[in-house]
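Each of the next two complexes has subunit A plus one more chain, namely subunit B in the first and subunit C in the second.
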Partner chain A sequence: MAEVRLVNLAKAFGPVQILKGIDLTIPDGEFVVLLGPSGCGKTTTLRLIAGLEEATSGEIFIGERKVNDLPPKERDIAMVFQSYALYPHMTVFDNMAFGLRLHGVRREEVDRRVMEAAEMLELTPLLARKPRALSGGQRQRVAVGRAIVRNPKVFLMDEPLSNLDAKLRVQTRVELSKLHMKLGVTTIYVTHDQMEAMTLGNLVVIMNQGIIQQMGTPSDVYDRPANKFVAGFVGSPPMNFFPALVDGEEELFFQMASFRLPVLPERCAALAPYRGKDVVFGIRPEDINMGGGDGAVHIPVTAKVDVLELLGAEIFLYLSSPEGIFVASSASQKLLSQKFLKLKATAVSFIARVDPSTPAKEGDSVQVVFNLGRSHAFDADSERAIY
Partner chain B sequence: MAGTFFKRAKGDSSFKRLLINLILIVACAAALYPVLRVITVSLRPSGSVFSMDLSLIPPDATLASYQSILFDPKVGFWTWIGNSLMVSVITAMVALILAAPAAYAFSRFKFAGKQPGLIFLLVTQFFPATMLLLPLYMMLIQLSLINNFWGLILCYMSIALPFSIWILKGYFDTIPNDLEEAAYIDGTTPLGAFFRVILPLSTPALSITALFSFMTAWSEFIIARVVLQKQALFTWPLGTVTLQGAYYTNWGPFSAAAVLISIPVVILFLLTSKYLVSGLTLGAVKG
Partner chain C sequence: MNIAATAIPKEVKQSQRYRDPRPFSVRFREHMRRNRLAYLLLIPAFVVICATVIYPFIYAFNLATTDTNMYNINSPTKQPQFVGVGNFVEIFSNPEFYTVLGRTILWTAVNVICHVAFGLWLAVLLNRNLKMRGLYRTLLVLPWAIPQLIVAMMWKNEFNTQYGSINLILQSIGLPAIPWLTDPFWAFVAVCITNIWLGIPFMMVIILGGLQSISPEYYEAAQIDGATAWQQFRNITVPFLRPVLTPAIILGTVWTFNNLNIIYLITKGGPNNGTQILVTYVYRAAFDFYRYGYAAAFSVVIFLILLIFCLFYIRATRGAQEV
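Moving on to the complex of A and B:
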């Protein structure tokens, strides 16, 4: 087991800068998930740690050792590939034993370790088979088995569940979690599936365009996103964003294109510097409820149901608030940006996740209330979270 | 591909299937008839070689021609076979030893001149061997390799290598990179990954390449005729020509020699045929 540390790590392929100098410390024994959209640099980061790519600049440490110049075999890592990469000409046993034999481990020890791993992963009856005679889930387990027999310092996993069907993916996810708890080896797991990231990782690192956007526990990145990208990327359906103007004198309001919401008193201090400026108001679909509100803090917003998706345990309402009432104080009106004036004329669409007993139908006009205590605000230019 | 073909064939009308089968029968007959005639002639007694009888096995069939080819010390059949086998096996082995790493480099590494190099290799295939005869002959004289097996092997290599490199490169391209990377992480060097993972997976392509190189050398006549002049060094294509006289050719032993000579190639083909089916990489990646 070992800590993994990346210092100002950069990677360019020709003129294309894939990683733009990232700093990351992965504590010993943690299960860290690198999460991000395609092309964000997460797989490149993993391949750099594995030694399959050479860094353009920066340093990689595994434990106390700088490994930049070491070949993969000397880094004491094991990797599970997205494609599993099992050797087709070898049996399951040989696939798992291959690395041990190359490291000169004694035959009895190889047998013992492979049998132990096979037992743990329920592969014992399959040891004599070739990979082509295995199902997708079995191949995936062999790939994991091949990694664990080596007792490496770090496990690297590159989207290992992406080729499995939905049911098997959930099952394997739980197995991987248990395996990590049992072995306690530092694990770096790459995925673009946020469900995997949130359920597997002790820590989640969100990446975009070669930069780390946020690192934190799953609840950190979900409840306290560092910026608009993280807020929009984590969560399904994603967070709703409304362009807004911070309005008011003593009391502050978010003035949207067609409705107006009060800023909670405890948030006023953070938003005060934005008075009269554009911000982005964010709220998750589950924080929008049906109902009339109390008329004070929880002001109802009227919206039309465009589409209704019933998922069994919940309903997604795709809503649009009609253009219309636009009330801004005279002081703010002078400060209104051109951008905002344009937005005023368009209807705003958003999604609410509501109880399946909700009587709404497509085409209905409904009243919804935003749970402002769980709302977010982002700087319109830098997209950083204001709160 | 094959699956799609048979699926489609199954759904075709009876007439279309009949037509396809008829064409195939005609094509098979055209290919097999000359071979069958050679077998027939090899079985005829020396007096009736030019008989107009069409039966496959003649009524007075005899193995006399085979006997004279195999056991007549004046013929030297075993010397020709030995020489041909030696030249062909060495050509096939050296072609594999040189082509496999070259093809791997072309398939996996980026280096200056990679694309022009590949095209150059392909261009060499456009020239028939007879066209290269004179320059090859002059080169071999300079190298003192005339009347020398190595001279002949060198010529055959120049024909077999470019084709072998292309075949193997095409095959290596289909092997996923992940397998080598997994091997690096498991503890091999790039060379180790080549020997332990890539080569064992490439038996189909290696078999085809070996077979092709062997065949190139086995049945070649023109270059051998120019390079080898000593009777003791003759390969079988040169040797069988000695059975033709200026005024009379003994067709019985000649045909018997032709039948016997095809046997090693058939055996080789049967031995390698199980590797000729691709699909060994099945199960390596994805589901």
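Moving on to the complex of A and C:
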């Protein structure tokens, strides 16, 4: 087991800068998930750690050793590939034993370790089979088995569940979690599936455009996103964003194109510098509910149901707010008039995740309540979280 | 219920399978009625195959059992006689057959081994990230694009003892000139060099195609597992190339075994029959001595030798299996 440390790590393929100097410390024994959209640099990061790509600049440490110049076999890592990369001409046993044999491990020891891993992964009855005679889930387990027999310091996993069907993916996710708890080996797992990231990782690293956007526990990145990208990427359906103006004198308001929400008193200090400026108001679909409001934290907004999606345990309401009356404070009215015109052009549609017993129908006009206690605000230019 | 269309599960044993109780003629008519279009579409290909493969094949087998020659093939007075296995007895009782057969096997083995070895080497080089890879590939494929006649003439000149460039180079570095086309051993070497030069591009292109179809992830997985370059080659490249190499080696063997052009154009089987292989021997029997029946029997023997080789080779390499 070992800590993995990346220092100002950069990678360019020709003129294309894939990684733009990332710093990351993965503590010993943690299950860290690199999460991000396609092309964000997460797989490149993994391949740099594995030694399959050469860094343009920066340093990689595994434990105390700088490994930049070491070939993959000397880094003491094991990798599970997206396609599993099982050797089709070898049996399951030979696939798992291949690395050990190359390292000159004695035959009895090879047998013992392969049998032990096969037992752990319930592969024992399949050891004589070739990969083509296995199901997707079994192949995935063999790929994991091949990695664990070598007792590496670090496991690297590159979207290992992406070729499985939805049901098997959930099942395998649980198995991987259990395996990590049992082995306690530092694991770096790459995925673009946020569900996998949130359920598997002790820590989640969100990446975009070659930059780490945020690193934290799953609840950190969900409840306290560092910026608008993280807020929008984590969560399904994604967070609702409303372009807004911060308006008011003593009390502050978010002025949207067609409705207005008060800023909670404890958030006023953070938003005060934004008075009269553009911000982005964000709220997750589960923080918008049906019903009345208390006028303080739970603020009612009238909206029309465009589409209703029933998912069994919940309903997604795709809503649009009807045009309302723009009321700005007299002091900022002049200042806001131009920006208001811009706001008016922005469609105000949003999603609410509500109880399945909700009697709403498509086309209905309903009153929904925004839970401002769980809302977010982002700087309109830098997109950083204000709170 | 349409009985013929009922699917029978694969697991059902032969003995348990449903047997259609209707007479064969009824089943045949129904089969033809249901597949009429398919058979109609197959007819043109079937006719062409009959004319170019099946008929000559049967004709050759038939000819092999006769004493057909120039004097009786079209003679109004003399008819070719049926001699049964007479031609075959003559072939196998001729000691020269075994000499030529041995030389043919040596010729084929040397050529095919060199084709595969050099083809593999060049394909592995071309599969790397080389600059101007396209140019190298074009240059290396060029021998394949040149007509064999031109290649043979070109190499024949190169092997000329007095003014061939090979001997000129050898002499310029103080080595004696080699009697390429006048000494049986060197003549055999010369035709081998020519045919190797000619055959490498085919193997290279086939192997390169095979190499490019191997996912780089296998090599990456092997690198992480700790495999050296040689271990990667042995454990990944070779097994993955097997399905490509098996038919290529079979084809290469058959073509080389039957390659008349190069030897005929460069040495005509000489000097002193030193470059005679089975197929040039057949050619000589048919077109120099006009013994068509004997030549046909010889062809049948060649066919059987190659058939046995192919069967053994496929079984030995299990190359027909999917990796």
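The rule is short, and it goes like this: the second predicted complex is superposed on the first by the 377 of 387 C-alpha atoms of A that agree within 3 Å, B and C clash if a C-alpha of one lies under 4 Å from a C-alpha of the other, contacts with A are read in each partner's own complex, and residues count from 1 in each chain.
We take it that contacts are C-beta pairs under 8 Å (C-beta built on N, C-alpha and C of every residue); 3 or more make two chains touch, one makes a residue touch a chain.
Here the structure is a predicted model, which means the values were calculated and not measured.
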Subunit C versus subunit B on the shared subunit A, clash or fit after superposition: clash
Touching partner for A:N163 - first (subunit B), second (subunit C), both, neither: first
Comparison of subunit B and subunit C by subunit A residues contacted: B
First, second, both or neither for A:A133, with subunit B first and subunit C second: first
Touching partner for A:H89 - first (subunit B), second (subunit C), both, neither: both
Subunit B versus subunit C as contact partner of A:K66, first or second or both or neither: neither
Intersection of subunit A interface sets (partners subunit B, subunit C): 50-52, 71-73, 77-79, 81-83, 85, 87-89, 98-99, 102-103, 132, 146, 150
Residues on subunit B engaged by subunit A in the complex (per definition of touch): 176, 178-179, 181-189, 192, 196-197, 200-201, 280-287
Residues on subunit C engaged by subunit A in the complex (per definition of touch): 215, 217-218, 220-227, 231, 235-236, 239-240, 242, 322-323
Contacting residues of subunit A [partner subunit B, same complex]: 50-52, 71-73, 77-79, 81-89, 98-99, 102-103, 130-136, 139, 146, 150, 163-164
Subunit A - residues contacting subunit C, complex: 50-52, 71-73, 77-79, 81-83, 85, 87-89, 98-99, 102-103, 132, 146, 150
